[in-house]
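We just call them A, B, C and D in the order they show up, numbering each chain from 1.
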């Protein structure tokens, strides 16, 4: 029997990728799509590649009080700040995966770091999907923290994202093609909004209140992809790190441990995450690398993985595709 | 029961896309992969996103005399000129879809323009897959030619391809990133190799020996996508052209007729083809536009569609995914 | 003695390129910069690479009645429709080069096709700079029309522009990086605003009222560059076309006639224009190709060339730089 | 009187940019260009935008024993390893700026970190131009090291380069457009060739043998630009760092100290270097950022600056142009 799903924030990048995955999902049936600016439009007019089976859907005006009676799961992909009040009004019978940032480490919501703690997600009904930078970063760090191979303090995260990770914006020309193309920059030095979520998770896995995290996001001229290059203190060898990761992710379907530094493109269009490590015990240095698609593991891919977990589907349902090459 | 398939030319772009599609195909089982430079390598080392079920495959040295005994279909994606002799040595029991250019309009081979004449493909065992430029062009022209809305003579095709359409090359720096990025050029003026294939097909559909075809390919700084902008002589109106295309492709799963000029990205990563038209009877002018993914309808997507047709699968099996956005 | 120049529309792409060229011009002194949204800002805050000598300039609120008393030349780079009334109020003593589209083929203004008719520009005080598409197209066509090698009727112009040619926009997300990257499309079929300007110029050079012009613009994922691929009727050979162009542009500093199809990047960052030809008399076909930087010959470069001509400077002053490679 | 200059390695990216700058230099006259694969070709055939005054130059076969008798300065831009022996055979009367990597911190050669120690370059005849990563990195670090605001030990350099920084290669498809586009990766973890040069310079400026340097290069899908994001130990505030840099670079023409994190594009096509800082004394953390054009300050721009210094020209001669925007 199919799971009835809906997406709000359908015209954003996260919503669009959720649509693409749900449209091909073997047990999900998309019955509801909502947005703000796009309300009233036929879904097929916005997505020219929409499959015929969804061609009758119309984008609804977003109203948590007017959801279909048989809706099982709602994916919410709204700008930060826009969803707190509205999602509180969604009936309890509807499970929610919030791809946006408003419910991470909020009471009553489970932080859905699906590759790391799937068991804590099963059975829940309110999931806060990790941010894109945390997804890339924490997937790489988790095995080291769990094995005690690095200190949880003073971790330096130098992260780089493609432009779709910055959101579609409301027409802000700072993300215009001619502005972003052939350019690279750091931003939000020493104060990015994703810091609390990462500090909380690092603390949780390590069992110690993590201090002194440094996080520097960069905007890279590409559409998709996040690479997190992480510098930690620790005496482990490269082999110990790789082994710890292989053990930690043994049997997990989406995380791949590689000896070579991962390319972001290895993940593009998929829900795969690639992690790798390089260490120099003499320098008390452990480097961790995590590469994901910011719209895959970093948003809609992991959201569907979470939805699979809370609806009792196979964790990999709808998420088995390879990444795109070239 | 699964169809056993193999791919030769696995490390080229066409072979890689065939792999991606076959790996997710509901009834195809990939049992053989072969190449030249990559022979001996594990397939998983070349494709880090390879699904676990294929992780034991090793890339074989290409040898038509040493194919697996139970192979049903071979996808050949070899450089032009390399496959004629070799494919002649493939046992008759193995069906072949040749993605390369050596067997188009060659006796004993069926030109696999799958969206246009699926019925002529069913039951065949030797399929020559259309070239990427012809795929975009002929899909747009076919309805007009079939309905007699344009003259088959003097058609001007101004086509633009992403870089993967030019092949992976043997390390030719003219396709290097720094060379191609932020550049645009026409090439092969008045003498491109795809001309005979297009002339033959236009003649076949129109029932007249087509004359005076003009074809200008351009290289565009993007990885995937082909757009063909076509100028024809004809007295039809825009509406007549759109109607003819809707009728011609009624019930066909992959071709979409749009009123707005199609974006190549609408097709990226899928087997969809978008066609549109604009006409000015006063000027005796009909414009046709065709947009496809050069590795989708332009190569591996259509190849799988052809394989579906010759093995009795649903035509859309493995090809139902939406394109990627953004 | 230096020529005092000013730029209005300083925060657009055309204005920015005019600034870059004027800042390095041997005889121009920039004394005035104006804008709308950026008024009040220091010019150096908007342009981090501004030379020290200009660091005291502040962006003024655009007001044609409040220009500096000693201003010699004003470059206007305003959105189409915004400049007609305002520029009428500029004092007669100030020469104007209008990079925008409001004064092309308007009485009292000279159409500044500088590479083609420099003599008609010398001595004038109101210059309408050609549009970017016309610049690429007409530079290629002029020699053929002047020599009578092609018919002026039924010319088909298939043109492709980088994104900066579409203007900076007011934050329209349709030019967002993630939307435009890896995409290609045609637009404005059979009705682009540059048509009248091209028809008028073709008629003027050929001495015949040109009919049936077809113009199809395309948006290409690159920042700069325009290529115009043009299909004409004519019995000339390739050599005759190349010879005609070499003769037509003999001694002209910026137009280069090449036997190979030109790359747009050959022109990027310069005021150079590249033209080439290929013909097939048997098919009554002449192809012309024109490649320019849409912000160079297509906007600010040609504007400075025009300003040189009307102020008695060397035509090449400030415009001698090579294009950028890679 | 003009300085006669030559370039060997003319068909590489560094050589090409040296050509572009020298061609517009007010006192340099290019009289010699040499290469390997391109020898015998007319320079104008390789560089379609070459100014007419250089159109008679032919690319010579590189032979240090056959240099023009009146050559004053030779720019060498050869692959690492190729220049040591050959440059030793250049007559002493010819000054050399080696853009390649073979003479950095080699006896008899001066390391030409021109923005930092111009006085040590004046009067020399053998200059080893800094590598592109060191140029971006050391320009940002120098003021902090000189003022003792950071420890010279344990500095972490997370650097990102555009593809032209990786060189043109001999047709290696790993830098092919379709491979690099939409991809991002780290490489050479814990062992890049630029490490010794950076360690030596940091030691020299700080007066202490620097230990524990960590350097991670990344390849970014853009043609030009390097950003170095640097993490240091130190108790300074952001303001102290900015002030130290402003003082250090007071009167220096090419380095700009900015409060906002610099964009690489601010430097593209120019010899400008942008540095910025952010610090958190509570965490013992100082961040430094350096952005340059890898072919400007990172190669040919700084090479010309060095040539100006050793030939008694104004340091800024030929290098005053603004960067390109957009």
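We take it that a contact is a pair of C-beta atoms (placed from the backbone, for glycine too) under 8 Å apart; a residue touches a chain by one contact, two chains touch by 3 or more.
Since the structure is predicted, the reported quantities are computational estimates derived from the model, not experimental observations.
Q: Return the chain whose centre of C-alpha atoms lies at maximal distance from the corresponding centre of subunit C.
A: Between subunit C and every other chain, the largest centroid distance is to A.
Q: Are the interface residues of subunit A and subunit D largely the same numbers on each copy, more than half shared, or largely different?
A: same
Q: List the centre-to-centre spacing of subunit B and subunit D in whole Å, with centres computed as mean CA coordinates.
A: Here subunit B and subunit D have centroids separated by 45 Å.
Q: For subunit A and subunit D, let me know how many angstrom lie between their CA-based centres, rounded off.
A: The separation of the two C-alpha centroids amounts to 38 Å.
Q: Compute the distance, rounded to whole Å, between the mean C-alpha positions of subunit C and subunit D.
A: Here subunit C and subunit D have centroids separated by 34 Å.
Q: Going by the touch rule set out above, which residues of subunit B reach two or more other chains?
A: Residue numbers touching two or more other chains: 13, 162, 164, 178-179, 181-182, 221-224, 262-263, 326.
Q: In the complex, go through subunit D and note every residue touching subunit C.
A: Interface residues on the subunit D side: 13, 16-17, 19-20, 23-24, 47-52, 164, 182, 223-224, 253, 256, 258, 262-263, 266-267, 269-270, 272, 274, 320-326.
Q: Show me the residue ranges of subunit D that touch subunit A in the complex, using the header's touch definition.
A: Going by the criterion above, the answer is residues 154, 156, 158, 160, 162, 178-179, 181-187, 189-190, 212, 214, 216, 218, 220-225, 227, 229, 231, 261-265, 268, 278, 280, 283, 285, 287, 289, 291, 326.
Q: Which residues, counting only subunit C, touch subunit A once they are in their complex?
A: That would be residues 13, 162-164, 168-173, 175-182, 221-223 of subunit C.
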